[in-house]
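Down below are the structures I want you to see.
Okay, so chain A shows up in both of these, paired with chain B first and chain C after.
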Partner chain A sequence: MVELAHATRLHPLQAGNPDVASASVTLADNATRVSLRSRADAVAALSGTLGLALPTKPKTTATSGSRAALWLGPDEWLIIDDVDSSVAADLAEAKVLHSAVDISHRNVGIIVDGRGAAAVVNGGCPQDLSLKAFPVGAASRTVLGKIEIVLWRNAENRFRVECWRSFANYAYAFLRESARDVAV
Partner chain B sequence: MIIRCPYCGPRDVIEFTYQGDATRRRPDPASSDQDAWNSYIYDRTNPGGSHREFWLHGGGCRQHLVITRDMTTHAISSVAFARSIVAGESS
Partner chain C sequence: MSTSTHSGSNRIHGAGRLTPAKTVRFTFDGQNLTGLEGDTLASALLANGIHLVGRSFKYHRPRGILSAGSEEPNALVDIERDKSRRQPNVRATVQEIYDGLKVKSQNRWPSLTFDVGALGDVFSPMLPAGFYYKTFMWPKFAWKSIYEPRIRAAAGLGVTPGEPDTDRYSNRFAHCDVLIVGAGAAGLAAALSAASTGASVIICDEQPEAGGALRYESAVTIDGQPGYEWAASAITKLRALDNVTVLTRTTAFGYYAQNFVGLVERISDHLSSPALDMPRERLWQVRAKKVVLATGAIERHLVFANNDRPGVMLASAARLFLNQHGVAVGRKVGVYTSNDSAYAAAIDLKNAGIDVPVIVDTRDNPTSAIVDAARSLDIEVLTGHAVFSAGGKRRVSSMSIQPTRGGSERKVAVDALIMSGGWTPSVHLFSQSRGKVTWDAANERFLPGTYAQDCVSVGACNGTDGLQATLDEGLAAGEGRTSPIVATNGTEWTGGMIGSAPGAGADTSVKAFVDFQNDVTAKDVRLAVREGMHSIEHVKRFTTNGMATDQGKTSNLHGLAIAAEALDRPIPAVGLTTFRAPFTPVTFGAIVNHARHDLFDPTRETPMHDWHAAQGAAFEDVGQWKRAWYYPQAGEDMHSAVNRECVAVRNQAGIFDASTLGKIEVVGPDAAKFLELLYTNPWEKLGVGRCRYGIMLREDGFIYDDGVVGRLAEDRFHVTTTTGGAPRVMHHMEDYLQTEFPHLNVWLTSTTEQWAVIAVQGPKAREIIAPLVEGIDMSNEAMPHMSVREGKICGVPTRLFRMSFTGESGYEINVPADYGRAVWEAVYGRGKPLGLTPYGTEAMHVLRAEKGYIIVGQDTDGTVTPHDAGLTWAIGKNKTDYVGIRGLLRRDLVANGRKQLVGLKTVDPTIVLEEGAQIVANPNQPVPMTMIGHVTSSYWSENCGRSIALALVIDGTKRLGETLYVPMPNGVIEVEVTGMVFFDEKGERLNG
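This part shows the complex of A and B:
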């Protein structure tokens, strides 16, 4: 008997459904998100009400329980917490000049997980994702393909990609397509 | 091309947006000197060597930068925050 090998035929609109063990691309749970802006002199008071020390170094984050603060710029942070958290109410307690805008529904979170995760993200993101340049806990606003994202490394092989909801289909399809190409 | 953002470190140029010639000096807003305004709006020297230009790190820390770049080799000799430099100063 002659054994024939056939390539698996995929539907053209099936933007990758990677069953490779090296990386999975899944949706993050809904979350509370706040865009926080303030000057340096308000950081201490805001940290106090948030219950974590707002990071002031580029590309760094601070976490406390389910709550995380990502440095995006010298006067800008993205706060992410569980869906039922009280971030906005906590910040309202701070009697210092700041701007806190609830953007929970503006963003969508996508999780890239597995030993090929960095290669999957690098499929569309030019940043150096080596552990030396982008260690566990690092986060940054950057680009993925033609859109802006916030990238956060939760673990050595796990990234959270945050994008605006109108770009979510693009980001999700892009990452799944990238994951299909990564067979490491 | 890699740009070394003073905050973010070396980043790919696709994270940045070009924002124009940083050597222009705007005439006094009250001025009605048409030649001066015409020159400000339209005249560009397009040098073959070193040039100063504004860039925005929009895909990063969102800071405005002034970059000195060689227009022939793309070698970047300095990057600074635009807020710390008055536009039109010679470098």
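This part shows the complex of A and C:
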């Protein structure tokens, strides 16, 4: 039997340098965030107001332009949009029963980007982040080390980590520390 | 025979797989030695003729290298990179050598070859198993002060490092379809098979490379290749696959519920100068759909007199040292066995040119071809014989042979003695998975029986004998479609002996070791039985057999067999062994991994934190929060700083960071209805723009939390909670909403961190902030005490509360958190010329106590009702339902004799009571006195010019004006019971 040689490519920076980061950890831009709550019968109307179909399945999201809705629970969504978004005003016009609370300053967004992004997050997040279990567009409330986060995969190798502002130092330091360990 | 002396005199030219040119220098107890790249410390020491590597735990007997794997009980050493990176009890058989490796032997003084502690061996008849339970009973006091410390100092192995560990450790969570533990023949077959299905596969092995027993099984071929080469090509193939993760130097140490398996990957322990940033170890927390255990088997020693002499070792170890490392464990190697596998070692040694004078086989008539093969190499084979004892002290020098049924003794000079008592399947992880082992009586071994999880055992750990059967089993476990793998010339591993060998039986008193690491002999096990220990669990604890860090990998079965024999009961009746994690010792570093230093626990800081720090504030930990405690100025101690801050608030104004207060936004048409149910107070009629102080009870009627609630709109409330109570109050409310009141249309959102909160309190508060505020009429009439308005401050949105926790007229400015620092600075800049003074949590506590405002958790302790706390006014008298309403009616809660919150004034106003101090009615009663209450809050009040205190006292409100006593170590303090308000009793300042 002839063995096929499986040559793998080696990046010059990675030869003998396992600490070369293959993912970056950066701060997301300031954003508008709303915690949106409602019952199932208001979802259609609120979707119309928001201009996107509010997701109704666990671990899913919907986006439209800069606006995104992350499913966090059967009656709970995290809406994220640009800092000058009209989303709060839009929702104030909605006549259906709902609760919209501005949490723009409550949360901080951190972006983990690069080939090792999933491994960096898996340094502290116990979820299965394979593309099969956590595909592009998946989001969920979960944990990172000792804190609660919302995790959103918005590209194959890019995650947005949202946490409360006083935990941001911890989350950022944790992800940076984890990124030191990931050279894929 | 030609030898290379460069990397040790026992290096055999042409043997092994290491490269002679790749030398590595290291030291052992200061001695400079050379080994080869790929050597373990054990193989390198043996190459240099060093067998004596340590002293034993209890008797300080000289010890050598027993095994070539992680089961090693003897060869434990201390490895030091530098002072902060020193590791005791490292197994020399696991540690790979690197240039500059510094190794020290352990548990010896002054030196390894001359050890004073070895006197313990001479006096060992006085130190039987369990001796410390019996010998040192008298006098009683001496145990703690003399016996225990000395015994502990004399026993033991390595010394704990004293410096903080500077290495980094990492963590990775991973999921896979199939986790395969062990990359020997069985594990590799399973991995190739599983990988072919496209499943995600993780395969790990504790060794630096794959192969398992194929690393020394010299005659084996698989698919036409030598076994070792087949393993190497298989692992290369697996590494190249996207769906396979190969982890070498990685030990699966713990198997937990739902196929959760803990692995430790050793990343830098084998490197000479690891990159500074490189983690030393990585913890893998793997959740697998299916686990394949391919953990192999561990060879047992034989239990005979002086079987612990350096140079006496497992046959398979000698074989690995020869075939992998090219090292001969001796020049004249005796063999003692009870099964076939040791013959293979003897043959390999003989073929390498080593003198193998004799194979002693306890079996009367072994018939395998391998016995004849040994004979045909002119090795003497003595069947029906046993080694009754090993000679020599720091190195074995001879073996004394007798027929098993007795007869004349023959002594053969040797410089190494290799042995095999047979193979014990490694069922550790299976057992950890809560699987039940069964006793295979025919082959005297425990095998996996009933599985508790989605797991399968393959190969030697499953009792599968023969290489072909092992490969077939591995392929099947992988559930893939791959062509068969064909093996030839595998070694037979069945058979062997458990318990004491001939010459170490019940009628003898020789030192035949069962457990090397804990110095337990066959005699000790029998003593335990005589002392009445009839279950193996008791025998283990009495003798400590199997309880060392090696977890009795070589000793458990022997101990069990000896106990069973002494009890004259079958082995399963004496007990099954349960294995617990970790399989091998795991460093604290790996377990803790990232959670060190700043990442030990989150430290929560408010948006204004850096400002406080720049002002020199002292901080107080409140849960995970850092709160500004007080702001000392030059020359001030805490006391004078707090006094200054308290006076400034009452005379001019103070500024306080209240951002940590919990905040919950309650939204929905039923919001008021919901609050009616959660708080004792009425809410329906609270006007929009008004605030109310609310009390929240548990179902049992006791105070759970309190806070001010503002109504922003008909359907929107801004609720505040205590700092520490924020998360639990949110959960409490959510719990009731979901389980008791799901019909209500209301939702809760935590906004604690959305808002920075700047409290400005004092007579000048309005004057200071009014010019910064837009869109809000701040006049007393338009915005009275306990109101809330939305508008702008410094150009950013604000929820401006007029409220007070100081008794002064004041405001709490809520702004979106990112603006907190800028607004704080603007307010401070404007207020400073008017006397505005930053004050911390300590001044806040004093100011509220001057007004008799309680702090939940300080003045209450979970057994205090609103009535007890003087807050009856906060209960809606016409309300028919709220959480705790029925609890409040319980007989005990309305009875006389409850502790009630009152004020205390010391008769001597300069004395500040101690918080927690007990209160009595009569200080002259005999001890123990009847205590009628305790101090909950106590401060020096500069504003009152005296000390003040709050206390819970039985029937306190009926005692106003009474004199009570606080007995303290330095004398009794006389106090007067007063109302709770010490300053501005009428509350006029609130409306200023």
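Here, the second predicted complex is superposed on the first by the 163 of 184 C-alpha atoms of A that agree within 3 Å, B and C clash if a C-alpha of one lies under 4 Å from a C-alpha of the other, contacts with A are read in each partner's own complex, and residues count from 1 in each chain.
Note that a residue touches a chain if its C-beta (ideal position, glycine included) is under 8 Å from a C-beta of that chain, and two chains touch if they have at least 3 such contacts.
This is a predicted model, so every value here is computed, not measured.
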Contacts of A:F174 with chain B and chain C, given as first, second, both or neither: second
Chain C versus chain B, contacts on chain A by residue: C
Partner chain(s) touched by A:D102 [first = chain B, second = chain C, both, neither]: second
Contacts of A:R141 with chain B and chain C, given as first, second, both or neither: first
Touching partner for A:S35 - first (chain B), second (chain C), both, neither: second
Which superposed partner A:P126 touches (first chain B, second chain C, both, neither): both
Partner chain in contact with A:W164 - chain B first, chain C second, else both or neither: second
On chain A, positions contacted by chain B and by chain C: 126-128, 133
Footprint of chain A on chain B - complex, ascending: 7-12, 14-15, 58-63
Of all residues in chain C, those that touch chain A in their complex: 168, 170-175, 200, 223-224, 233, 236-237, 239-240, 267, 275, 277-279, 282, 285, 287, 594-595, 598-599, 601-607, 624-625, 665, 667-669, 745-747, 749-755, 816-819
Contact footprint of chain C on chain A as seen in their complex: 1, 3, 6, 8, 16-19, 30, 35, 37, 75, 97, 99-107, 119, 122-128, 130, 133, 145-147, 164-167, 169-170, 173-174, 177-178, 180-181
Residues of chain A touching chain B in the complex: 58-59, 72-74, 76, 126-128, 133, 140-143, 148
